[in-house]
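Please go over the structures that come below.
Both complexes shown next keep chain A, but they swap its partner, so chain B is in the first and chain C is in the second.
Entry: the complex of A and B
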């Protein structure tokens, strides 16, 4: 048993009281003196050449203070990958999806800004739209980006072992195609930004971003503004799920409009804009071919994938990399072949979305695993155990597995759900389904970076401060990071003053994505705290005249071990340091790992540089109504190996929230497109799960100790929804014998499958 | 200029008088004119519940109510729930149960829960689920929100 006083405790979210009283200030709540309201003009055409834009009438409308178009920008393209930059803040020659940005307006109030948009005249020459990636890949298809040869933004092939020999050696082969659909992140808070550039050309932005430090960098690049003139301050953030990582035209428009007018400008997305013009989960088509033996050993696996990019790259290139790496790393398979194409279409474009390509890959692979179990008449859990990953192994695609609790997660859901008994006494229309997953537990250095920094200090009163660039978007990092520091410094987490995210007062952090904050920022914080602890003890040793080795920290006192009365309080140490030694005690920590292997391929992510891998198994129990096809979730078990759990209360919250987001993707949530137009851009027609729809959910924390994580911890946030959909669809198959390979499993689809049986 | 109409309203125990644009929603009026930004806008279409307030003892989506309609009404927003030093039992239950992640849905959830427990002090799980079905949360998966409601029920019974 470990002997921690803070780590592993169910400590309440440190921001909860601020949030529960309505006092937490979110971006949309900010109101500055003289503030103007901005609105963005978006394309109504899916694919068109821009012939002319006339803003003269809009400019003349009373109350309008500025109107901007591409002419007001330096025309620098961006995307998450500098080498694959393809997006302008305002397009100049072409619009490529319904929602593409053309112009922006700042006015004294919102109504005037909306009126002004209607006065902007845009002359477009409509072009043929491409909405299906398979069509877009065909030779002779119209080009969406004129500077490229084809509509394929990225293509790669990765081979490990010998795929043909592998298939030749296999007792059986199964082939199947799987498709997945677009999901909207649907954070309840929409994108919002306030920029104030009134002061000496300084740019100050209050914006709900998951990645404030990279945002500052990108604003600097795209608007050619020196970084020292930019400050990004994230207020409280109402969820993100990946949608709030990118630089967005709303940010650029706010800055430019504020510069033009000398007044602060605020832009808030409507819910419709949130659905139609912020990122979504990439739709995908994955053809799988698996070779396996009588005993269940997977000998060879092959995937050919098409990822529907939409109009621009955003995170597409690395989402496809993750689609490969997570597909290839799950299970011990020697012969692997993956070929992927990321294809432009004239639709809203995909981005980072909880799971980052992994849910698409896992849906295909984990449905295939059940098809194999069925063919072999083998228990699906046994089949997975047979092929399970193990600690301290390298996968065929050269991914280092440090800690691994996959086997334990399989055993945990089996036990908790009473699987064996229920399988034996199966009720009609009831079914059980299982699915496992692997995902990074600490971001990666695939882009070259995976940095997080933290500083700590003790002030003259002995108060301890933690400054970190990590951003809490709701997942609770403010709580977990202060817990890590508090454990090391022998105090309570609430006693630590916390400053986060503000780019002026914190060290850079890549941001909140890739399930990386606990691991990366946690390591930085832990190092900063150890660093400060050493200095506090050294100062105490000096004052007390005791050797350092005899001293320990307890409840903000440094005392001689076994002689607690011989001690000195933090307050005195702080005072002495300031007034007598004239020295501020500080600690700093920085993480940017792991080392990148020599054979790392940045295109396919072969030898993927993730510092630790997390694992999980989900198990669903469903009942299907054969008359309507309606799937009712009865029970859901989610066992996760996220290393050492820093705070079980918050970890359970991630698992429960992720599962429900996965339920939505599996059953009810689908962005419906018609000729590039999204038909259901509202919560009435785009169905999130409500409190009424949820089953009993049982989160299970299977702890491992990762050698490189802070206190052994690994990431969790994204993992929480990755294997949810295949577990449910496998359960549907168990219940009514229909194998659905195209998501989502709507009632109508399930009903039609049952009818065709 | 649009003609404005006088509105007298009591919000969280305070009386306000204002001249209001007839197109303005109650949500906009609370947030912009009264600076009560604790009430959130998630959709502005009546679909998410983030804007819930108690209007004359009934929960409403304030984005679906026009400000001119609330003349002479009594309104409670999230800012009025905690009256003294202590959190209201419903708020305390949300904090204790871990029912708050990003917190954007929280004001609406707390207001709706409070109104529900005023109407029926001992709702069944089914009734709770029905009552809160209009309040969307993308973060928590609702499990700990259900815990919070149970917890609040107990707290109010014993308090």
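Entry: the complex of A and C
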């Protein structure tokens, strides 16, 4: 057993009380003196050439302080992938989706700003819209981006082993096509930003971003402003799920409008804008071909994928990379072939969304696994155990697996759900289904970096400060990171003063995404804490006249081991350091992950440079009403290998939240498009799972100790939703014998499948 | 949202005056439909006439049949013990509407006047042969709910008229009844199909003396499935007959296909739900 005093304890979220009592200040709550309200004019056409934009009437409206278009910007394109940047803050020649930004206004109040938008005259020449990636790939299709040869933004092929020989050696081959749909992140809080550029041209932004340090960098690039003039301050943040990683035109517009007026400007997205003009989960088409033997061994697997990019790149290129990595790394398969095309369409564009291409790949692969089990008349769990990944292995696509508890997660859900017994005594219309997954447990250096920094200090009163660039968007990193520091420094987490996210006061951190904060920022904090601990003990040794090796920290005292009465309090150490030694005790930590392998291919993500991989298995029990097709979730079990769990309470919360996001994606949530227009941009018609729809969820923490994680921890946030949908759809098949390969499995779709059976 | 006048009259006469003064005045009761329309700019009132303080509009009582004031909230109906004992299907109808927060605000008069094709009370009161009392400055008139709806969000209410009362005949209170809703989610969700049924049986038998079946969300307004009712009236409710009636009801429905569901699926649901509704009533006794 571990002998930790803080790590592994169920400690409630550090900011829980502040949030539930309504005291937390979010970006939308910020009001500054003289503040103006900004609004963005968005395209109502899916694909059109901009002939002219006339803002003169809008400028003359009383209360309007500024109107800006592309002419007010440096025309620098942005994307998360700098070499594939394709998005202007305000489009100059063409609009490419309904929601595309054309202009922005700042006015004394919101109503005036909205009125001003209606006075901007935009002359458009409508062009043929492309809404289906397969159509967009055809020869002769109209081009969405004029500077490119085709509508394919990125294409790659990756081969490992010998796919043809693999199929030739297989006893059986199954082929099937899987499609997935657009999901909205549906964070409780919409995008919101307040920018204050003042008269001295210093830019201060209060913005709900998952990645403040990169945002500062991107604002600097896209507006050609020196980084030393920019400060990004994230207030409390109401969720992100990937939607708040990107630079967004709301940020750029806020800064430009504030610069132009010399007054602070606030822009808050309406929920409709959040649905129609911020990122979403990429829809996908994945054709799979699997070769396997009588005993269940997967010999060869091939995927041909089309990722529907929407109008711009955002994260598309790396989402397709992850689609490949996670497809190829799950299970020990020697012969793999992956070919993918990322295709532009005239729709809202995809971005990072919890799981980052993995849910799409896992839905296809894990449904295929059940088809194989069915063909072989083999237990689906046995089939997965047979092909399971193991610790200290390198996959065929050269992904280094350090710790791995995949087998244990399979066994855990089997036991918890009473699988074997329930399978034997199957009730009519009831079904069980499982699905496993692999995902990064600590971001990656796919973009070249995976950095997090932390500093710690002790002040004259002995108070300990933790200073981290990591951003808590609701997932609880403020709590887990202080727990890591507290464990090392022998104190309680709430005794640590915490400073986070602000780009002026913290060391750079890549941000909250890629399930990387516990791992990367945790490693940085751990190093900073160890560093500070060493200095505190050295100072204590000096004061006490004892050798360092005899000293230990207990409850903010440095004591002599076995002689607890002989010691010195942090407060004294702080005081002595300040007044007598004239020194501030500090610690610093920095993490950027292991060296990138020489054979890493940034296009296909072959030899993916993730520092650790997390695993999970989900198991769903459903009941299907054959007369309406309605799927009722009865029980849900989610076993996760997230390494050593720093805080089980928060980890279970993540697992439950992820499962619910997966329930929605599997069954009810879908952005519906008609000629590029989203028909359901509200929570009335976009069906999130509500508290009444959610079954009993049983989170199971299968702990491994990762050699490179802080205390052995790995990431969890995104993993929590990746294998939810295939588990449910496999359960539906078990219940009523229909294999649905296109998400979501709405009541109507299930009903129609049953009717056709 | 644009600016508008707001008036809160204390009497029906003052309300009438206000309604007739403004070209484009809207009544505010619970506001659960009005404010949504205003937020999405589909309703742009010049004036809002808040009728919540007009007396005697928010009560219901039995007096030679049931009388419900138009301002009775959906939540009032949901939690009423008196109704639970006499017409539990009304509590059920209320409970299936929106969330508790919405039910606390929404009124039954508003639910009818908004004339949504999927109005819960539109279907249930239709099945109960409800009569409506409508007041204007020229006096009052009574019409059957059957003649009230004209199309989606359209009623026969003329400018200056207010729906003030819903009356249901005495025998509706002696019927068995059920309200069924099929929707994607379990809470706060509109029905893809709503079915309301009342049934009078010969005591102790399955002989149907009178059945009424109303359907919501499957036509421009809530409608009665008269042909299905005719199949069942004065007959023994056998499984075969119930299936035949359910199919009839399904054919009487004229649903649209939209992103929420296809017409075919809605029709299938009608048959399933009508049969399920009748079977539930039979099995309950």
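Just so we're on the same page, the second predicted complex is superposed on the first by the 756 of 757 C-alpha atoms of A that agree within 3 Å, B and C clash if a C-alpha of one lies under 4 Å from a C-alpha of the other, contacts with A are read in each partner's own complex, and residues count from 1 in each chain.
By our rule, contacts are C-beta pairs under 8 Å (C-beta built on N, C-alpha and C of every residue); 3 or more make two chains touch, one makes a residue touch a chain.
None of these values were measured; they are calculated from a predicted model.
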| item | value |
| --- | --- |
| Partner chain in contact with A:97 - chain B first, chain C second, else both or neither | neither |
| Partner chain in contact with A:751 - chain B first, chain C second, else both or neither | second |
| Touching partner for A:570 - first (chain B), second (chain C), both, neither | neither |
| Touching partner for A:711 - first (chain B), second (chain C), both, neither | neither |
| Partner chain in contact with A:327 - chain B first, chain C second, else both or neither | neither |
| Which superposed partner A:649 touches (first chain B, second chain C, both, neither) | first |
| Which superposed partner A:659 touches (first chain B, second chain C, both, neither) | first |
| Chain B versus chain C as contact partner of A:672, first or second or both or neither | second |
| Contacts of A:680 with chain B and chain C, given as first, second, both or neither | second |
| If touched residues of chain A are counted for chain B and for chain C, the larger one | B |
| Chain B and chain C footprints on chain A, overlapping residues | 111, 684, 688-692 |
| Residues of chain C touching chain A in the complex | 1-3, 182, 184-190, 259-262, 265, 268-269, 272, 276 |
| For the chain A and chain B complex, residues of the former touching the latter | 10, 12-13, 15-26, 28-29, 31, 111, 185-190, 236-239, 241, 270-271, 473-476, 649-650, 652-653, 656-661, 682-684, 688-692, 694, 697 |
| Chain A partner contacts - residues on chain B that touch it in the complex | 23, 31-32, 35-45, 47-48, 50, 77-79, 81-82, 87, 91, 94-96, 98, 100-107, 110, 128-130, 132-146 |
| Interfacial residue positions of chain A with respect to chain C in the complex | 111, 627-628, 630, 668, 672, 674, 679-680, 684-685, 687-693, 746-748, 751-752 |
